[in-house]
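Note that chain A is present in both complexes that follow, paired respectively with chain B and with chain C.
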Partner chain A sequence: MFAGIDIGSSSSKAAIIGDDGRLLSVSVHNQGAGTDGHRQALERALALAGAERSDIRFLVATGYGRMRYEGADRQLTEISCHAKGVAWLTSGARTIIDVGGQDSKAIKLDAAGNVANFAMNEKCAAGTGRFLEVMARVLDCRVDELSEIAAASVKEVPISSVCAVFAESEVISRLSSGERPEDVARGAHVSIARRIAGLAGRIGCQPEIVMTGGVALNGDAVACLSKELGHEVLVAPHAQAIGAVGAAAFAWEMARAAK
Partner chain B sequence: MSYRETVTKLRERALDPAKSAAALTRETGKPLIGCFPVYAPEEIIYAAGALPVGMWGGKTELKLADRYLQSFCCSVMRANLELGLKGSYGALRGVVIPTFCDSLKCVCENWKTAVPQLPALPIVYPQNRSAAGTLYMKDELARFKGEAEKLLRVNISEEALMAAWETYEDCRAAQRGFVAAVARHAGAIDAETRHLILKAAYFSDRAEYARLLRVITEGLASEAEDSTEASPGIRRRAYGIKAVLTGYMSEPAEILRILDENGVAVVGDDLAHASRQFRVAGRREGCFWELMAGRMADQSGCAFLYDPNKSRGRNLLHMVREADADAVIVFMMKFCDPEEFDYPIYRKELEAAGVPVLCLEVDQQTDSFEQIRTRVQSFAETLGTAPLGVRAGGKA
Partner chain C sequence: MNMNERSVTSKELLKKLTALHYEGAAKAKAEGRPVVWATSISPQELLETMDLATVYPENHAAAIGARKEALVFIDEAERDGYSQDICSYARVNIGYAGVGKSEAQDIPLPDLLFCCGNICGTVIKWYENLAKELRVPMIFIDMPFNHSFHVPAHSRAYMRGQIEDAIEQLEAFTKRRFDRDKFSEVMRLSNATCEWWKKATDLAKAKPSPLNGFDMFNYMAIIVCMRGSKEGYELFKLWHDELAAKAAAGMGPWSSAEEKYRVMWDGIACWPHLSTTFNALKKHGINMVTSSYPESWNLRYETNDLEGMAAAYSSIYANRNLDYDIGYMKKLVDEFRLDGIVYHSNRSCKLMDFRQYEVQRRVGELTGVPSVIFDGDQTDPRSFSEAQYETRIQALAEMMERGKGGMGL
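What follows is the complex of A and B.
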């Protein structure tokens, strides 16, 4: 068996692939780099696959914490691993939008599914999951409730601040002036969608567009992004853990190549 | 001294600029004049019996500079001002401040109030570098000479000026020889060492520096390509990508180590801090003023000198082809407007020619390099030169 582990800034993900290349399990643990979340994610994925650590012949680590994970045979970037994961589980993708807790990335793929170009956000929370976490805190809800709240909106409250810190003040001001939380949540999704669309524009966004990362689980944010890009954005299977799936796929390929 | 020992000597000189500057004035007995980026008439200072030293920022905690330059200004200018306000430039007699960008223009005025104990010698280079610009440049250089004479209380003779010109021309030839040798022996000198050896020029008497540099260049030429012997700064390693660097300067040096980790060798550069300083050979005819003005007029493809022909992209393509490089890596200094203005133009030209480009936004005060590590490693993976990634522990 082969394992991939994606140690992100806010969660750890693991995936196991069998000798025949079939995906056996994935797991997500909501603790990221600097914690033992990676151990728990891997243990869970192993348990789901009915396997033990000693069954793993090759392990690839990816994500923000990849360089400090000592149990890896190789460390690859999340850009390569998301592309590999998407190619492993889907077909026809030419653009990947990966929005995680700390980073957002736009990845351009060639016809064979290889990375042709990529763009990353700069050191700023705008356009990342962190922005939505800040919004959820102001709206006094969990980040995974934002989509449902925004679905009940009747209008979009524009959030003009790009900076997450200034946006927080702006949202507090909007709520104080009587705006509904549902409409503010929609405004937050539109704001993040605009930042991501700008990033995607840097690589030349082409359909099919597939979204990965934790923010892909937010249906309203995905719908806002589709509108901004003018193309339907598809959500990858195991969107949050697809970097781990790609890492496991690399592990499978590398072990075979080494034979 | 062997060439390996010379590499170590110049590395150490560049790693501790304050110590190196203090040693320079102690050993030579000459006063030091600090020179702000990008270009300064160093030959005139040298002819006055002083030694120019580079002031290209440095890592420091920014506490005082905010009084004059906000956080959206270039980190090199902020660092220079911070160090001036902290009194770190005690070894200097004065500073030369040219006005190549908006931040430099502000610093030029702010310096007089912020650091009054260290006199500023402003100089304004012409944007128009045609015949009229060259005529102006000659006058401006002559004015600068007068200011330098007053500050240093000397008379600078024509003979001293020509001798300084020859010393600098010889040094620039040695620098060109060194970067060409590194391009041929890219596996021997890692990216950080190449940078440090070139940086050491800013804290050296150029006559001595040129001699040391030639020792390294000749040593490299005599090295067997397959040598595995290692010493500080010199080692043989396999690399997957040959890159040309462009931008303002390749600091922080941690990024160069990340290039090395990912198998990227530097085979050429178009950096303002490095090759732009010496890539243009001086004309052979004319008086000192004509030679000095001519060198600026002959420079092309520099973000800080108006270039109506927009030749930077073509220059980079030429460099890529000449060095058989695989990619161009941009060190984009955050908030450096002149460099940012050029970027979309040359990027388009490079990509149209099929040359992959990686742009790294850099800031001298950066402490966290994980995002940059991801960008560099992803770039290497995309080019297919690091298909097996990096082993645990970060060792290729």
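What follows is the complex of A and C.
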């Protein structure tokens, strides 16, 4: 069996692929780099696959914490692993939009599903999951509730600051001047969608567009992004753990190539 | 050869000349002779002819950056009211003008400013500002941006006039006559130095490249500061010969690792993070073999042809239009057999950032070579994230590896 582990800034993900190349299990644990979240994610994925650590013949680590993870046969970037995961589980994707905890990226794929080019956010939290976490805190809800809240919006309250810190005070003043939380949540999604559309534009966004990363689970944010891009954005299966799936797929391929 | 008998290496000479350069300026000041501050690609031939001790604030700021001392001066400039969005070379230099000393390298304050507008518009405001703050005269040579592919004839004539006028201003400033014979000699020598600089950096076309491009960053100091001197000429000739010998012996850039991939570096170095940026590349066997720098100081023209000299200074990458820049990058990809390109999105340099995405897109389309952009700054250490840089470089390595049939496929 083959394992992939994706140690992000705010969560850890693991995936196991069997000898026949089939995806056996995935797991997500809400603790990222600097914690032992990766161990828990891997143990859970192993348990789900009915396997033990000693059954793993090759392990690829990816994500922000990849370099500090001991026990990996190889470390690869999130960029390659997201592309591989999407190619493994879907077909026809030409653009991947990945929005994770502290970065967001747009990846352009060639016809074979390999990375042709990519663009990432600048050195700040604008347009990343962290931005939505800040928004959720101000709105006093959980991040996974934002989508539902925004769905009840009747108008968008524009948030002009791209900086998460400035946006926080902007939102507080909007709320105190009587704007509804639903509309503010929608505004936050539109803001993040615009930022990501800018990234996607840089690499020449082409359909099919597939979204990965934790924010892909936020239906309202995905809808806002579809609107910004003028094209439907599909959500990848196992969107949050697809980097780990890609890492496991690389593990499978590399072990075979080494034979 | 016995190590004790061996002649001086170019690296030793580089160090010696750099020290000499700064000592010369300090000595001039101490003896009551004027000191000039000049922009990095200005026609120093005029200053050399006039025997004026000159220092180059951009190089000085780079040296301060590399010694991790930039924040002292950046803080000083920002406290003084200069915005964080101004080029960090300008902030370091303006800060230095206030503080007056540094651990990395001291330079005397200027008695004259010599500014050429071929590199960007920022330098004009920066130097005007210095002129006012320090109450010293400024000579400005305008070299308009070339919106057409070639330097237009009217521009050449205009710039020749600018240079003639600068000569008159120098005569008035020094109260000495401008010696045309000496000027010819300086022109000849400057061209010869540039020729060897270009020849040396061209040796990186060999595979593996005998040159590690980060060394080129170091040698740049002398092509900026001493290209009109005999010593500068000798340095580049020597460096060339050393690299040629290495190439002939099939030696690569490092003794501890092999060159697996060859890339160009677009933009200025990240001086405060030089070793981080270098090591992350080397770890993957990536050698930076070239950049836009070799050509920036390949300033060539016929001796005594003032218009040709103006055109050469106006023809640098930073002052040319998009079509030229893209064609030039493609040429580098082909001639240096590059596997990838690293673009430094430099927070300081609006001029370079302005066109970078478009250059990346079009060069990518033309050549099919993968590339990455990372965020940084040439001297402000705060605008760089090591983890983000490493991820981007590794992603580039993975794209290049796949291009060579790797990654288990």
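Following the convention adopted for this analysis, the second predicted complex is superposed on the first by the 259 of 259 C-alpha atoms of A that agree within 3 Å, B and C clash if a C-alpha of one lies under 4 Å from a C-alpha of the other, contacts with A are read in each partner's own complex, and residues count from 1 in each chain.
Just so it is clear, a contact is a pair of C-beta atoms (placed from the backbone, for glycine too) under 8 Å apart; a residue touches a chain by one contact, two chains touch by 3 or more.
Bear in mind that the values here come from a model prediction, so they are computed numbers and not experimental data.
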Clash or fit (per the criteria above) of chain B with chain C on chain A: clash
A:R256 touches, of chain B and chain C: first, second, both or neither? second
Partner chain(s) touched by A:N30 [first = chain B, second = chain C, both, neither]: neither
First (chain B), second (chain C), both or neither touched by A:G204: second
Partner chain in contact with A:S169 - chain B first, chain C second, else both or neither: neither
Touching partner for A:D103 - first (chain B), second (chain C), both, neither: both
Which of chain B and chain C A:Y69 touches, first, second, both or neither: first
Footprint overlap on chain A, comparing chain B with chain C: 64, 67, 75-80, 103, 114-118, 120, 122-123, 250, 254
Residue ranges of chain C in contact with chain A within the complex: 345, 357, 361, 364, 370-373, 375, 383-385, 387-388, 390-392, 394-395, 398-399, 402, 407-409
Residues on chain B engaged by chain A in the complex (per definition of touch): 361, 368, 370-371, 373-375, 377-378, 381-382, 388-394
Contact set on chain A toward chain C in their complex: 64, 67, 75-80, 103, 114-120, 122-123, 202, 204, 250, 253-258
Partner chain B, residues of chain A touching it in the complex: 60-61, 64, 67, 69-80, 103, 114-118, 120, 122-123, 250, 254
